[in-house]
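Chain nomenclature is as follows: A, B, C, D, E and F, assigned in order of appearance, with residue numbering initiated at 1 for each chain independently.
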Amino acid sequence: MFMRIDKLQAELPAPKKADPNAGAALQELLGGKYGEMSTLGNYMFQSFNFRSKSKLRPFYSLVASITAEELGHVELVSNGVTMLNNGPDNDGDKKDGGDISMAPWAAMQEIRSFAGFASYGGGAVPVNSNSMSWNVDMVTTTGNVVVDLLHNFHLECGARIHKLRVYETMKEATGREVCGYLLVRGSVHAHAYALALKQITGVDITKMLPTPNINLDKIPECQKYLNEGSHRRLYTWSPKDYAEIAGIWGNGEMALPGDPPGELEVVDGIPQGGKIHDLTGAPSAFTPDYAPEEMFEIASKLYQKSR
Amino acid sequence: MFMRIDKLQAELPAPKKADPNAGAALQELLGGKYGEMSTLGNYMFQSFNFRSKSKLRPFYSLVASITAEELGHVELVSNGVTMLNNGPDNDGDKKDGGDISMAPWAAMQEIRSFAGFASYGGGAVPVNSNSMSWNVDMVTTTGNVVVDLLHNFHLECGARIHKLRVYETMKEATGREVCGYLLVRGSVHAHAYALALKQITGVDITKMLPTPNINLDKIPECQKYLNEGSHRRLYTWSPKDYAEIAGIWGNGEMALPGDPPGELEVVDGIPQGGKIHDLTGAPSAFTPDYAPEEMFEIASKLYQKSR
Amino acid sequence: MFMRIDKLQAELPAPKKADPNAGAALQELLGGKYGEMSTLGNYMFQSFNFRSKSKLRPFYSLVASITAEELGHVELVSNGVTMLNNGPDNDGDKKDGGDISMAPWAAMQEIRSFAGFASYGGGAVPVNSNSMSWNVDMVTTTGNVVVDLLHNFHLECGARIHKLRVYETMKEATGREVCGYLLVRGSVHAHAYALALKQITGVDITKMLPTPNINLDKIPECQKYLNEGSHRRLYTWSPKDYAEIAGIWGNGEMALPGDPPGELEVVDGIPQGGKIHDLTGAPSAFTPDYAPEEMFEIASKLYQKSR
Amino acid sequence: MFMRIDKLQAELPAPKKADPNAGAALQELLGGKYGEMSTLGNYMFQSFNFRSKSKLRPFYSLVASITAEELGHVELVSNGVTMLNNGPDNDGDKKDGGDISMAPWAAMQEIRSFAGFASYGGGAVPVNSNSMSWNVDMVTTTGNVVVDLLHNFHLECGARIHKLRVYETMKEATGREVCGYLLVRGSVHAHAYALALKQITGVDITKMLPTPNINLDKIPECQKYLNEGSHRRLYTWSPKDYAEIAGIWGNGEMALPGDPPGELEVVDGIPQGGKIHDLTGAPSAFTPDYAPEEMFEIASKLYQKSR
Amino acid sequence: MFMRIDKLQAELPAPKKADPNAGAALQELLGGKYGEMSTLGNYMFQSFNFRSKSKLRPFYSLVASITAEELGHVELVSNGVTMLNNGPDNDGDKKDGGDISMAPWAAMQEIRSFAGFASYGGGAVPVNSNSMSWNVDMVTTTGNVVVDLLHNFHLECGARIHKLRVYETMKEATGREVCGYLLVRGSVHAHAYALALKQITGVDITKMLPTPNINLDKIPECQKYLNEGSHRRLYTWSPKDYAEIAGIWGNGEMALPGDPPGELEVVDGIPQGGKIHDLTGAPSAFTPDYAPEEMFEIASKLYQKSR
Amino acid sequence: MFMRIDKLQAELPAPKKADPNAGAALQELLGGKYGEMSTLGNYMFQSFNFRSKSKLRPFYSLVASITAEELGHVELVSNGVTMLNNGPDNDGDKKDGGDISMAPWAAMQEIRSFAGFASYGGGAVPVNSNSMSWNVDMVTTTGNVVVDLLHNFHLECGARIHKLRVYETMKEATGREVCGYLLVRGSVHAHAYALALKQITGVDITKMLPTPNINLDKIPECQKYLNEGSHRRLYTWSPKDYAEIAGIWGNGEMALPGDPPGELEVVDGIPQGGKIHDLTGAPSAFTPDYAPEEMFEIASKLYQKSR
């Protein structure tokens, strides 16, 4: 079972302006080859399909708990995409949308993802930066523990190059923060799968890290998280379960050489997280609707009743 | 953010034998047109993309909290699929797989989803019963609250016919239990979206329920859940958030006419849930591997260390 | 613009029993590589995109009018598919569906297209016999008249082999009649496109016909249509337009050597056509619904009002 | 069966210049999530698969006759797309294409849909604005009348938001006219499906209209059609059939509150329609071909013969 | 550039009977997740896209030369598929196809891949065992040498489990031989990529082999190839190029522990290979055509002229 | 079996600058409707699936040997794509990538194929110019010789229009050279398939050439190849096999009227070919990696060992 907390894993700065092509670029980290839908889909289905869970508990718990973190990554990137598509929060959603006959959205014809505007109103969906859908071909779940872990290790390395490149295209703060945070957490996952493989096969594959061959200290947006020790920390993402991951992530294992030094540690539960932006609607795009005052009033009354 | 609890939403009886065609049929409820991946994908992305969250709090919270329940539905169906593909839990995973040259899996050539065996080892993946991938075309998130809620109401009605038909093909207990549980919970969601639409539009669309035109008392597997009052209960699926759904689900609203009577109520947190089956591996299918004793021993030691 | 007449192009005999695998086989002629969705999609979009329509009138009219016939082919095959999936018309739709807890549709787990039952209730959809969707890759519309006509000629030859093979798998009358009718009409289209190419390029490509190398007199179900002269007849499928096709199909051109002899002729309008079967519902599959008596009564009253 | 008339449902003004990005935007209304291929595909297959046609005649006829209108919508949007891609009609197709070695189409490298130029010569194809193919996942045909009608009602509301947004990006007259016409006709269909649902379920879902919450009087391009009363009119699109739709659309039912008042009426047959543009070819793009004079001459002779 | 030799990499025994479900199972090794189209597609595009080819020559040559071997694997599996679909070579193609009205192919309605018969005449195509198309999502080519090699290593381990499982379903000799041969050659590739990674990263990932954890001596069909030393041999698959692979595959490196011992060696050029079966046509399926005698005679005359 | 030679079929001039939109345009000739993946996929699978190979030897050899040429076409276009995406060869790959935090790749957000940069590092993959994947729907292999040859003839005509249009968008030399070369070789293939059809059916379909209706003398980049007589030459692409194609391509057959005159001839083996560019890496894009000096040194040592 899963629970939800109304927060993001990281606090995102508001965008200064709407930038749909930046939003489309960030979609690559959502539904792209190595995007968060892929990491989520892999670990989620692997955890459902895991054989001999009780006999392989630490390995099962590793995959199962990271699944929960990946859900939050999907949420984080999605929020980033929608924020970039929408621009700064403001009180625009109080207006009635104005005169829609003056081609208020003409600029959309030149963006990369027109369907993202027309069908999804600038919302995030599980597609890549070129609007291709995420699908089952991005899921690996062979049921063989070594093949699956090896895949996961490779996937996190691929995801790292993916994130680095998307980061290198981003000029504004919202998208850069998403990349910075995910790069740190992705490094943790690559490290964790490497340790798991080392335990089973005896091959110290952690020595391949970092792949690509660049340390996170080159990326300003990563420093805050490195300073907090996020790179040494694996959460259980659970009220009570999955503590067995400490058999893999811990036992005196240390941070990777290029990162701030220190011992690896398992933290019960979840991090503090950041606020979810309010995503002001655009009545002229019919979000939440044209002339929404009446709907706001209804909602306000229902909110009172619920207290 | 999301958390995970190592339980299923409902206790599933073990299958009496492996039945890959039943497993493939149940895949329809996972990755099919109206499957749980679709309900999850719709509500999850709608909740990420929701505009004017603070002004429309009860509606936002409704979609956001049901998302967490749908994750558990995806998990439940996936467990059901894998259990049906694997058959009863036993100690088979202690063996070394035996002589693989005697075509031990010849029977797989006649099943509907050969790739399900060859590539996924009988594990669940986001495809329908005919192996077609789930994809973005099954996601609706327009950003317009009425259109999205209307879609969700329709989706739950469609999902109900979908589940009813799959149920009608199932002879064994595992798959029937999955359907029985989901039919009750799906009815709750259809009812909840109808109430939300009624609040905004004034149209009492709850009067369209049940669609299709059959009460759940016709389905023995639903009775346990109806008796518990599950059909009158919406969980927040959260430690502290989303309580505003009580503005919609509550306020004296009652159970639907064909169901056991009573008032609708919001329950903080999650239900008790049931045990996840251990899914015995099949070494001859290389799950968790051929001759896995050494791996079991390593895992056992790591487990000790984590305590 | 298009009009619709409530008839099929050919009268189909009722199936003796439901046979979903035969229905799935016939789907190949609907959404398969050379299926009717492909011929429709090709000619329809070619006619919309046709350049210099006025200067190339006879060629434009040929493609435009055959489009209307292909719509009727899609309809004919779809009716055949659904009839095979449902079995004989009866009064079953008056019942309430009975006890659905006894796995009344268990047999569906063994059919090729489970999703066809679960999601579409046995209805036809634009997929091939293996449930793969028809899509844009099956549409050719280059805007170059010779390339497009050459493609169409090839497409009709490919469709002929496609229909011949599907026919060779069919034991019951409904599907065989569909194939027999379509083989005759497909031959007309291949012949027509060949004549068009001959006019433009001077190459007498009609001499390649029939491809594959077998005459229609080998197929009993074709005889009725050959006897009527259907193979020598091109309809305008229009109240008043497209008569210019007589510039291509006519002018003393004769039937192909292996077919009953005679001159080619253009017929204004449409053929007489046959009755559409009533497709009795199956309440236990919720078609038109479970316990539909009330709905039938409402419909009956509305019908009275409309007279 | 279907017939074809060589006219469009609405007269489209010629574009002032070629604008492939506007053409690509309009593709969203052809092959997009809520595009005309979707409405066509849904109603067409629902009408083929409709159970108990005779007992539910008015409902069957509603879906069946709207299918024919949707064919004309597909045609209208396709014509709009191709016109926008090609620019004004002129005599360009008489030239030989000129020197093709000077990169005459270099500007195409910057448009959104390069394949639309290279493979389709600027013609319309069943894809969305991002070149993703229309496919079966956009077809709903459960065989359950209420689920299908509910889907159709939702689909028309979604299509309305879709059209409104596309309209808001359009600066030139061709695309705006397409949107204006379709918005009026789409409103009729939403209204009609709402009335059908009201008859069966007793729920007055017409009160949800308009969704999104904006009246058509905000859109100048709709006024001509509203003034004609198009919003109160349902055609049978048939020489003689489908008149039973008057049981649903009529009986004293009135236009929606925000539209010009008046009683709903069924019109036998089809509207007058407008002229199909000639779509001048571009020999340098090999449409209809390079140096097409000889082909024009052949066509002219064949045309004479056909008279 | 590529050259072709009219031989298969391995001699395949003729099937005793046509077995389309075995053919469909073998398709998994052609177009499935880990099939030969995937290995080919990965290495082929990686070799085209390889950066700094001259500075990284041995690594480039490794990927480039294995590409050529993978082409032969695609050919081998395709031949196996078609042979299983067709059955033993005989003189059937001399007949005229007989009476096609007696449903000679009725049995095809029960096979898994009906489209494989109807559209491809039993020929191999790039799809998996469930008829899903191979596509770009199965190609990894990041341009980063370590990520790509790591992917390739993982891919070969995944392909090994894939082949082992398909082998375990095969009762007849043709398919088993395909699997046996490919398992040996796949092991060579996994080993080679592991050595390449070891050279660059210093991590001895060869110690992870074999994955899955089973030696090839368990598979009778592998013994012939192991006895020949095929597992120690990498071909250049080129008249003169790619010899630099000896920098990776050689230098005293030895066979893997579970395989027959010996030093690794590079062989210039290609192996001897085996005969391609003649694949007798089936005139009743219109392959090569119905009544093909005339065509055979034409071909025979042309053959004489070419000598 | 296949062999590989480390050369391209034609020498490509280096691009003057990186131009990802030109690269994306050229992708249309790789993975587009009529791209080289399509011609390759068609002929390759047709050759594997060819029935009665020995009785139809000249026809089989034609398809089989052209397959090998198409492999080289896929290679040529892929090299062109990657070169255009990367720009001129330089020593950039010796640097360490510099400061990646300054958005060095910001310009990528405006290109058509962002995923081409983020996931593939500017490498070629089997997609079209709009990033849609090549797939099985682009493969025709019916097993019927006439249908398949007719398809191939049509395919080459379609590919010609495809190449002409892409050429007309290209301003820089690399892409123009790719088009020029392929136009000449594509004409040879169209001619060859036409001759094969003429032999079997007696219809002189060569008279349809050229389609589209323009001679290659209009394209400066073709002249070099026409002057060499490339248009009259079919290679066997084999050390010893496929010489029987001389039964079709030869026997006094002459070049097409619009091309430089002369007799058709078969050349054993392969053409001389041109150099493969070195494709300098971009460390800031992690190709071959960030700070690759150590890797270059390792490779250099291995290269020494291999000599």
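The criterion applied here is as follows: a residue touches a chain if its C-beta (ideal position, glycine included) is under 8 Å from a C-beta of that chain, and two chains touch if they have at least 3 such contacts.
This one's a predicted model, so the numbers in the text were calculated from it and none came from an experiment.
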{"item": "Between the pairs E-F and B-C, the one where more C-beta pairs touch", "value": "E-F"}
{"item": "Greatest separation from chain A - chain, by CA centre", "value": "C"}
{"item": "Centroid-based (C-alpha) most distant chain relative to chain F", "value": "B"}
{"item": "Averaged-CA centre spacing for the pair chain F and chain B, given as whole angstrom", "value": "48"}
{"item": "Centre distance in Å when chain C and chain F are each reduced to the mean of their C-alpha atoms", "value": "38"}
{"item": "Multi-chain contact sites of chain A, meaning residues that touch two or more partners", "value": "33, 112, 119, 121, 130-133, 135, 137, 142, 144, 146, 161, 212-213, 285-286, 289, 292"}
{"item": "Chain-to-chain touches, reported pairwise for every pair that qualifies", "value": "A-B, A-D, A-E, A-F, B-C, B-D, B-E, C-D, C-E, C-F, D-F, E-F"}
{"item": "Chain B partner contacts - residues on chain C that touch it in the complex", "value": "97, 99-101, 103-110, 112-119, 121, 130-133, 284-286, 289-292"}
{"item": "Contact set on chain A toward chain E in their complex", "value": "33, 135, 137-138, 140, 142, 144, 146-147, 150-151, 153-154, 157-158, 161, 197, 201-205, 207-208, 211-213"}
{"item": "In the complex, chain E residues that touch chain B", "value": "21-22, 24-25, 28, 32-34, 112, 128-132, 161-162, 164-171, 212-214, 218-221"}
{"item": "Contact footprint of chain B on chain A as seen in their complex", "value": "1-9, 31, 41, 44-46, 48-59, 64-65, 67-68, 71-72, 74-75, 78-79, 82, 93, 119-127, 133-137, 139, 141-146, 199-200, 237-248, 250-251, 269-271, 273, 276, 278-282, 285-289, 292, 295-296, 298-306"}
